[in-house]
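Right, one structure below, let's go through it.
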Amino acid sequence: MNIYDIVFYLFAAITLVSAFVVVTARNIVYSAFSLLFTFFGVAGLYVLLGADFIAVVQLMVYVGGILVLILFGVMLTNKITSIQIKTGTLQIVPAILGAALMAGVLIKIFAGTNWKSQLAQYPAQTTAYALGRVLLTDYVLIFELLGILLLIALIGAATIARKEEKAG
Amino acid sequence: MEFNTIYNNLFYLVPEIAVSAFLLLVVLADLILGNNKKLLPYLSIAGMIVAGFCVMNQMTFSGAVFSLSGGQAKSFGMVTVDSFGAFFKLLVIVSTVLVILFSFDSEEIKKSTSRQGEYYTLILGMVLGMFLMISATDLILIYLSLELMSLSSYVLAGFTKLRDRNSEAALKYLIYGAVSSGLMLFGISIVYGMTGSTNLYEINALLKSPETNLLPLGFAGILIFAGIGYKISTAPFHFWTPDVYEGAPITVTAFLSVASKAAGFALLVRFIKVTFVSSVAPSGHWMLLPVFPWKELLIVISILTMTLGNFTALWQNNLKRMLAYSSIAHAGYLLLTIAVLSNQGLIAMLVYFGIYAFMNLGAFFIVMIIANKIGSENLEDYKGLGYSMPFLGVTFGMFLVSLIGLPPSAGFIGKLYLFIALVDANMIAVAVIALLNTVVSLYYYIRVLKEMFLSKPTGEPVSLKLSPLSFVMILVMLAPIVIFGVYFTPIVDFAKSCVTILGM
Amino acid sequence: MVQVGLTHFLVISAILFSLGIFGIVTRKNAVMVLMGLELILNSANINFVAFSRYGNFGLNGQVVALFVIVLAAAEAAIALAIVLNIYKTFTTVNVDEIDKLKE
Amino acid sequence: MTEASLLNISLVILFLPLLGFAALIFLGKKIPGSHWLETFIMFSALCLSIYVGFGKLSYYVGKDLISQLTWISLPNVPLLGNINMDLGIKIDNLTAIMLFVVTLISFLVHLFSIEYMKGDSRYSRYYAYLGIFTFSMLGIVLTHNILMMYIFWELVGLSSYLLIGFWFEKKSASDASKKAFLVNRVGDTGMFIGIMILFTNYHTFTFDTIYAQIAAGHLPFNSPAWLTAAGILIFMGAVGKSAQFPLHVWLPDAMEGPTPVSALIHAATMVAAGVYLVARIFVMLTADAMLTIAIIGMVTSFIAATIALTQNDIKKVLAYSTVSQLGYMIMAMGVGAYQYAFFHLVTHAFFKACLFLGSGSVIHAMHHEQDIRKMGGLRKKLPITYATFLTATLAISGVPFTSGFLSKDGLLAGTYAFGLLTGHWIIPAVAFLVALMTAFYMFRLVIITFHGTPRDEHKYDHAHESPFVMALPLVVLATLSVFFWYGTNPMNPSSGWFLSKWVKTPATVVPQQQRFDFMKTEVKEAGAVEETKTAEAAETETVTHSEHYMHAMHQAHYPAMGLSIILGGLGILLAFAMYQWKKIDADKLAEKLGPLYRFSLNKWYIDELYGATFIGGTLALSRALAWFDSKVVDGIVNGTATLTRGLSNIGGLFDKYIVDGMVNGAAYLSGFIGLFFRRFQTGKVQTYVVFVVFSVIILLFIFRPFGF
Amino acid sequence: MAYFPILSFITFLPVLGMLIILMLPGKQEKLIKVLTAVITGLQVVLAGIILHSYNYSLAGVFQQNSFQFIEKFRWIEISGLSWLGTVKVDYFLGIDGISAPMVLLTALISFIATLSSWNISKSVKGFFALFLLLDTGMMGVFVSLDFFLFYVFWELMLLPMYFLIGIWGGPRKEYAAIKFFIYTLVGSVFMLLVMIGLYFSAKEMLPNGTSAFTFNLLSLMDPKNYTATGILSPFNPHNLRFVAYIALFVGFAIKIPMFPFHTWLPDAHVEAPTPISVILAGVLLKMGTYGIIRISYPIFPEITRQLAWFIALFGMINIIYGALCALAQKDFKKMIAYSSVSHMGYVLLGMASLTTVGLNGAIFQMFNHGTITAMLFLIVGVVYDRTHTRGLDDFGGLALKMPVYTFFVTIAFFAAIGLPSMSGFISESFVFLGSFSQDSIRTITMFSTLGILLGAGYMLWALQRVFLGKFNEKWNMLTDLTVREYLMFIPLTIVIFLLGIYPSGMINIMNTSVNSLVDFMNKMPAQFSMLGKF
C-alpha cells in the first residue's frame, strides 16, 4: 500500500463516483459539474500512467472546451428556473441490466486475460517532445486528417447552429 | 521515417490530396463568391473528376505507405493503395458526382441556397473520409476516417433544418453513430492492448502467434464489427437506417445508401481480409485464422439482415423508408459475398455493388423527383402516377425490377454471381434462404408498381415537366441496368481485375 | 490489497464505459446523453494510455488518446449544434419525445 | 370413253357445284341471274353424270375405277414405316348410279326452287348452299376412303345445318338446324371412333386396302369383337345421317327448312347417305353387327310409321314416312338384302323427292299453309300436282307396277328369308306391319289433302297450279317411280337389269365364323347349282350368299309379294274407309285409343325424353361445373387468395395486401414477421442503443471465440 | 443465309422497335402504331424466310447438328470456381420442326394483334412498347435451346403481360393481372428449381477438355452427361427425377392452363383487352405445351412414359371440363376462354400418345388453336368495341345487320368445332388417331371424343344466341366490318383453310422432328432408367 496506490484509488474514486453522479443526478447542472470531476479524475489517472501531456490536454480540452460547450448547451436548452431542468430517466431496468452485463463481461475479460505486461519506465522528461515528434512523423497523416476533421466539424456546427435565413 | 519518405509516400495519396484540396477550394470559393453559389457544385464535380483521374492512375498500384518507424518489419503502413481500393473509390466518386447532380433538382437543397457552400464542403468531407476508410489499414486511421465521414453525414442528415424530421434524423444519427463508434473505439483499444499495435498487418502477424488469448480479441472483433456494421447498416446495428433515411434529404439518403455503404463494405472486407486471413488458397478461398468464427458470424448477421430488411419493408408506405429497408436487405446480400470468404465472393461483391449503386441511386432519384412534384413520398400518393408520368413510371419500374433481380436486368446478374459464389462455397442452404428472401422482396417492389399503374389516380392528375438534366441522368443510370443485364462481361472483367487486396 | 496494476485501470475504464452506456440509455435530456458519450470516449482513452504503459508499446497509445480527445471535442461541437437545432424545432431536448420517425 | 376420262369427268362433276358455291357466295349479289347459273351448272353436272353412268355401266360394269393421290404422308414413322393418307375417288356401279340420282334430284330441286324461293332476300345464298350441299354429297358418293367419307359427311352436315336454318330469323328454324347438327355429331362421333379403330390397325383409310387386310385375316386388335364394334360404330354415322332410332329426332324438325331442301336433303339424298355408307362397309359387317343394324332399322321404321299415322303437318307426315322408309333400307342391309336395300334407296329417292316437291307445290299454292286439316279438295285446283303426288304415293305404298313395289317387295322378301333362315321372325313381322301402316297414312294424307271438300275456302280460292318450272320436276320424278325403268318384269325385280347387272352383293371379308350361316361360303357340290347363280358367280367371282339363302329368297319371294300386296291394299282401303267414305269416324277412333293416339301424336314423347335427360342433364351439369369452377377450383387453387381476403379483411386492406397475400400463405407469415421486426423500430434512439448493447453481448455469447 | 443471325434478329427486332417507340413522343400515336405494325410485319416476313429456307429433312430435337439457324456462343462464363468448375450459359438459339411452327405462329399472331390493337387509346406509347417487349419474350422462348436462356425469356414475358392486362384491362383488371402474375410466377419458381437441379446433375465437355455443369438442353437430354451423384441424375440411386418432373410439369401446366390450374385464364381473358387476349390465347398458352414437349419429354423420357397416362387423363379432363364450363357461360369472351381450355386439352392428349401421329397432331393443334382462337377473340373484340357488352344473351340476329361479320364468325366457329376442310379438323383427328393407337390411353381417347360433340354444342348455341333468331332492335346502330378488321380476319381465314385443305404444308415441317422425338422417347427410357429406379 504505497503512496502510488493511494493516489490511484483516490483518483479512481473521484472518477467513478462523479461519473456515477453524472449519469444519475436528476438535476442537469449537477451532472454537468460532476462531469468536471470525472474529467479531472481521468486526468489524474493519466498522470499516474505517466502520460503527463495527455493529462494536460485532457484538462485543457475537456474541462476547458467540451465541458464549457456542454454547459452552454445546458444553458441554451434549459431555463434554469423551469422545471425542465430536472430531467427524468427512462428504461432503467434494461439500462441497468445492459450496463451491468457489459461491465461484467468487460471485467471478466480484462481480469481473465494475461496481458503482455512489461512495465515501461517513466519517461525521464515530459512526453511532449516525443509526442510532438511522433505526431509529425509517424502520425502526420492522421494529424493532417484531424485538421480537416476539425474544419469540417467547424463548418458543420456552424451550418447547423446558424440561423436559417429565409432565402431561396 | 524521414521527411523524404513522407514526401514519397504522399505520391500514393494523390486522390485524397486532390479531394482535400478541392474541399478547401470550395470553402474558399464559398467565402469569396458570396451569394453566387452557382459555381460550387461544378467545382466539386471537377474535384471528383480530378480525383477520379488520380484513382485511375493508381489502378495498377499496389503498396502501403506511412509505416510506423517503431513497428515490426511486417508493417506495411497505415494506408494501402490497391486495385480493390481503387474500385471502391471510383464507385464513391461516381455516386458522388451523381448525387451532386441530384442536388441540382432537389427542392430541399434549393431551399437552403445560402448554405450550399457548406453542403458541398461536407459532401467532399465525406468523400475524403470514405477514401481513407477504403484504403486505411490502421485501426486509428480507420476510426478517425470513419468519424470524419460520420460527422459530415450527421450534419448533412440534418442539413435542411426547416423540416423537423431532418433535425430528428440528425440527432438520432448522431447519438447512434457516436455510440457505435464509441464501441468500436473501445474494441480498438482492446486490440491495441493485446497486440500493442493498431496496424492491421502487424496485428495479423501477431495473431498468427499461438499465444493469442482469444476472448478479448473476439469481443474486440465484435465491438469493431458493431462500428462498421452500423455504417453498412446490418442488423442488429441497422436501427438508425430507416429513421435517418426517411428523415434526411433524399440526396443525402441516396448518398448514404450507396457511397458510405460502399466505403463501409470496403473497410469491412479489408479489415477481415488483412487482419484475420492467414493465406489465400489457389482456389481463391481465404484461410481464416483460427481466432474468430467470422464466417459464421457473417452468415448469421447477413441472413438476419436480409430477412429483417425484406420483411419489414413489406409494411412500409413511405417510399424512402421502404427503400431504406430494401437497402438493408441488400446489405444482407452483400454481406453474404464476404461470408463466402473467397475471391469469387469478392468478385460477386464488386459486381453486385457496381450494379447496386446505379439502381439504388436511380430509384432514389426518381423518388426525389416525384417528391419534388407531389411533395410526398407516401405510397398512397403514387396512385396512378404511371399515367401522369409515364416515363418516370416506366424507368422507376425498371429500377425496381433490377432491385428485385429479375432477368434481364443487371440486378439479376448481381444476384446470379452472388448465388453462384454461395453455391460454389457449398453454402446451399444460405443460398436458398437468400432466394426466398428475394421472392419476398418481390412483393413490396411490385406493390409500388401496382400503385403506380393499377390504381385509379386519387387526386387530379399531376403532369411533370422533366428537366433535360434529370432526363439525361435517369437514362445514364438506366443504361448500365439495361446493358449489364444482357452484356455484362465488361463489369465482370473490371471486377476481376480489382480483387487484389494488398497483403498475404 | 494487491499491487495496483494494469487490471485496475482496465476495470475502471470498464466501469466508466458501462456508466457511459447507462447514461446514454437512461437520460432523457440530450445533453446528458452527450455526457454519456464523453464517458465512453474517456474510458477508451484510459485503456489506450494504460496499455501503452503496461505493455510498453511506446507512445502510440498516448498519441491515439490525443487524437481521440481532439475528436471528442469536434464531436461535442457538432453534437451540441444539433441539440440546439432540435431545441429550436421541437422546443424540447428530451430524446424520448423525438420519435416521429418510427417503424 | 377411257377410265381416265371417266374419272376426270367425275372429278369435274364433283367440283362443278363447289365452283357454283364459290361464285355465288362471293359475288352472288352482283350476278343478276345467279340462280340460273347455278341451275345450269347442275344441269351440266347431270349430263356429265349420265355420261359417266352410261360409260361405267356399259363398259366397265364389273370393274372399279380408282384414282388417288397422296394427301398427307408421314414417312418413316418409328415402328410403323410410312403412313400415307390418300385422297381419291372410286367409281363402281353404286357410285355411278348414285351420281345420277344425286345430280338429277339436285338439278330438279334447283329448277323447282327458282319459283318456290322467288323473292327471298337471300336468294343467291340459298343457291350457294345448295351448291355446297351437292358438292359434299357427291363427295360422299365418290370417295374411296373412309376419312374423306367422314370429311364430306361433316360437310353435308354443315350444308344441311345452313339450309335448315336458312330462315334463321325463325327461332324454330335455328333450333332445328342446331339440333340437326348436334344429333348428327353424336352419330359422327361414333363413326369417328370406328374410323380410329380401323386406322389404328391398318394405318390407312382406303376401303379396299382395309378390306384386303381383313380378308387376309388381320382383325382389329386381333379380335372379332373389335371388328363388330368397328362396324357398329361406323354404322352410328349412318344412324345419325339416316335418322335412325334413337337419333331420328332431328329429321322431322328439319322440315323447318325450305321444302325443296327437304326434298333434296331430307328425303332423297343426304339421309340416303347413311344407307350408302352401310353399303360401303357392308363387306366388313359381322353377323352381330348386321343383326344390330337390322334391329335398329326395324325399330326405326316401326316407330316412325306409328307416328306418321297421326301427324297433321303435311311435311311432318312425309318426314316420318321418310324415316320409316330409311329404317326399311337399313333393316334390309342388316338382313343382308344388300341389293334390295340399295334398290329401295334409289326408288325411294325418286318418289319421296316427288312427294316432297309435290307437298312443296301444295304449300306454295296454299301460301305456306302446311296443316292438312286446312286443305282438301285440291285435286281440282292442282291436277298435275295431284297426279304426280298420287303416283308417288302408290309407289311408296308398294302398289304393283310402281318402282316402289319392286324394291319394297324385294326388301320384304329379304326380311322374310331372313326369318326363314335365322328364325328372327320379329323382323319380317314388323316389316309387313309397317307396309300396312305406310299405305294407310300415305293415303290418309292424299285423301285429306286433295279429296273431299275444301276446309279453308279462302286459301282454297287463292290456290293455283304451280308454274312450269315447278311442275316439270314433279312429272319427271313421277315417271321415274314407275317400274319399267328398272326392269321389264313388273313382278320380279331381280330379273331387271338394275339388280341382275348393276348392283351385286359384294363378297364379305369377315372371317367365316363371324358370318351368318347363310353367308358362309361352302364348297358347292355340282348338282345343287342353279344356272342363274352360276352365271352370276361366273360374272363376279365372289360368292356372298350361300345356296340355301338363294333358295330361301326364291321361297320367300312370292309369299312376301302376296302379303305385301294384301297389306298395302288393306291399308289403302282403311284410309279410304276412314277419310273418304267416312265409314269409320277417325276422331271417335282416336278417342277410343286415346293413350295410343296421343302417344303417337306426340311422337312417343321422345323429344321430351331427350330434353329431360340428355340435354337437360348436360346443361345442368355444365352449370354445376361452372359454379364448381368459379367457386371451388378457383377457391382451392388460389385458396391463398380467399385466405388473404379472409385474413386481411381486418381494416379492409384486401387490395393493399393482396400482393403480399396472394402468392402463398407464407405472405401472412412474412407480414407478421415484418410486424415483429417492425416492433423494434420504436423511433426512440435510446431504445436502439439498448438493442445494440444487448446484441453485442448476445453476439459475444453466440460466437464465443474458441476456448471461451 | 446461315451466316445471318436471323433468329436473333426475329427475336430482338421488337426490342429495337420498343426503344424507338420509347424515344418517340407519346403524342405520335399514329406513328407508333404504324411502327409496331411494320415491326411485327417484318417479323412475319422473317418467319416466312425461315420457313422458306427450312430444311425438312433435319430432325433436331436432341442432336445439335440437325438443328437449324443455330446461333451459339458463350454468354456467361465464370471460371476458376472450385467445385463448380466453370459456370457457363450459352446464348444458344436454333429451331427444329417443333419450334418452327411456333415461331411462325408467334409472328403471325403478333401482327394480327397489332392490327387489332389499333383503337387502343389509353397511353398508346406504353402499350405498344410493352407489347413489343412481350413479343420478344415469346419469340425468345420458342427459339432458345439453353434452359437458362429459355427461363430468362419466360420471365421476360411475365411483366409486360402483367401490365398489359393490369393497365389496359377491364373493370377487374387488377385482380386478373395479379392472378395471372402470381400463377405464372409460382409456375416459374417451380421451373427454376428444376432448372437448377438439372444444372447440377449434368456436366458437358468444354472445348478445352474440362467438363462443366450445363444448362444446354441438348446436353441434358443425353444420359451420358449426367454425373453419378447429381440430384436429378438417373445414375444417382436416390435421385429426385420423379419429383422434379412433376414440379416442372406443374410449372408448364399452369401456362397451358391445365385443370386445375386453369382458373386464371378466364379472368385474364375477360379482363384483358382484345389484342392481349389474342396474344394470350394465341401464343402464351402454347408455351406450356411447347415447354413440355421441348424440355420435359426428352429430358425425362422414362418418367414421361410412366406418366403418359395421367397426362392423357388431364387432357381428357381439360377437354370435357372446359367444354362443359364453356357451355354454361353467359359471357361471350369467357365462353371462348373456356373453349381454349378445352382445346388445349386436345394438345395434352395428343402429346400423351407419344406417337408420331399424335404428336404431329398436338403441335399442329397448337398452331391451329393459335390461329382459330385468335380469330374468335378478335370476333368478340369486334362486337365488344361496338356495343361494349359481351353477354351472349344481349344480342340476337346480328347476322341480319352484319352479314360479312357473321360470315367470318361462322368460319371461325366451325373451325373451332373442327369442321373438315378447316385446319382444326386435321389436328384434332390426328390427336385422336394418335392417342387411340396408344393402347394405354385408348379408353381415355374414346371418352375425349365427347369433346367433339360438346364443342359443337356450345359453339352453335352461342352462334344461335348471338347471330341467329330475331334481330335485337337495340343494336340498330351496328355497322359491319371495317377495312382494318377485314385485314385482321382475312389472313387468319386463309391460314385456316389453307392448312385444312393442304395440311402437309405444316406437317412436313414437323414430321421429321416428331419422328425422331418419338424414336427418342421409345429408345431413351431404357438408358435413363438404367438403374431401374425413377
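Per-chain numbering from 1; labels A, B, C, D and E assigned in written order.
We take it that a residue touches a chain if its C-beta (ideal position, glycine included) is under 8 Å from a C-beta of that chain, and two chains touch if they have at least 3 such contacts.
These figures come from a predicted structure and were not determined experimentally.
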Task: Chains contacting each of subunit D and subunit E, listed by label - done: B
Task: Identity of the most central chain, Cα criterion - done: E
- [ ] Check B-E against B-C and say which one is joined by more contacting C-beta pairs.
- [x] B-C
TODO: Go ahead and note the Å separation of the Cα centroids belonging to subunit A and subunit B.
DONE: 31
Open item on the list: Distance between subunit C and subunit D based on Cα centroids, please, to the nearest Å.
Closed with: 102
Task: Centroid spacing, where centroids are CA-atom means, of subunit A and subunit C in whole angstrom - done: 6
- [ ] Go ahead and note the Å separation of the Cα centroids belonging to subunit C and subunit E.
- [x] 68
Task: Per-residue overlap in subunit B, given as positions that touch at least 2 other chains - done: 68, 70, 140, 144, 147, 151, 154-155, 158, 161, 170-172, 175, 179, 183, 190, 193, 196, 215, 219, 242-243, 315, 439, 446, 450
- [ ] Two or more other chains in contact with one residue: find those residues in subunit A.
- [x] 90-91, 94-95, 98, 102, 105, 110, 115-116, 138-139, 142, 146, 149, 152-153, 156-160
- [ ] Can you tell me which residues of subunit E touch two or more of the remaining chains?
- [x] 174, 178, 185
Task: Chain-chain contacts as defined at top - done: A-B, A-C, A-D, B-C, B-D, B-E, C-D, D-E
TODO: Using the touch definition up top, name the residues of subunit A that touch subunit C in the complex.
DONE: 1, 4-5, 8-9, 12, 15-16, 19-20, 22-23, 28, 31-32, 35, 38-39, 42, 45-46, 49-51, 53-54, 57-58, 61-62, 65-66, 69-70, 72-74, 76-78, 84, 87-92, 94-96, 98-100, 102-103, 106-107, 110-111, 115-120, 127, 130-131, 134-135, 138-139, 142, 146, 149-150, 152-154, 156-161
Task: Parts of subunit B lying in touch with subunit E, wherever the complex brings them together - done: 283-285, 342, 344, 386-387, 390, 394, 397, 401, 406-408, 416-417, 420, 423-426, 439, 442, 446, 449-450, 453-455, 488, 492
Open item on the list: Under the stated contact criterion, what part of subunit D meets subunit E in this complex?
Closed with: 71-80, 83, 147, 150-152, 154-155, 158, 161, 165, 168-169, 171, 174-175, 178, 181-182, 185-186, 188-189, 192-193, 196-197, 199-200, 618-619, 621-623, 625-626, 629-630, 633-634, 636-638, 641, 655, 658-659, 662-664
Task: Residue ranges of subunit A touching subunit B (in the complex, touch as defined) - done: 105, 109-110, 112-116, 137-142, 145-146, 148-149, 151-153, 155-160, 162, 164-165, 167-168
Task: subunit B - residues contacting subunit D, complex - done: 171-172, 175-176, 179-180, 183, 214-215, 217-219, 222-223, 226, 230, 236-237, 239-240, 242-243, 290-293, 296-297, 300, 307-308, 310-315, 439-440, 443-444, 446-447, 450
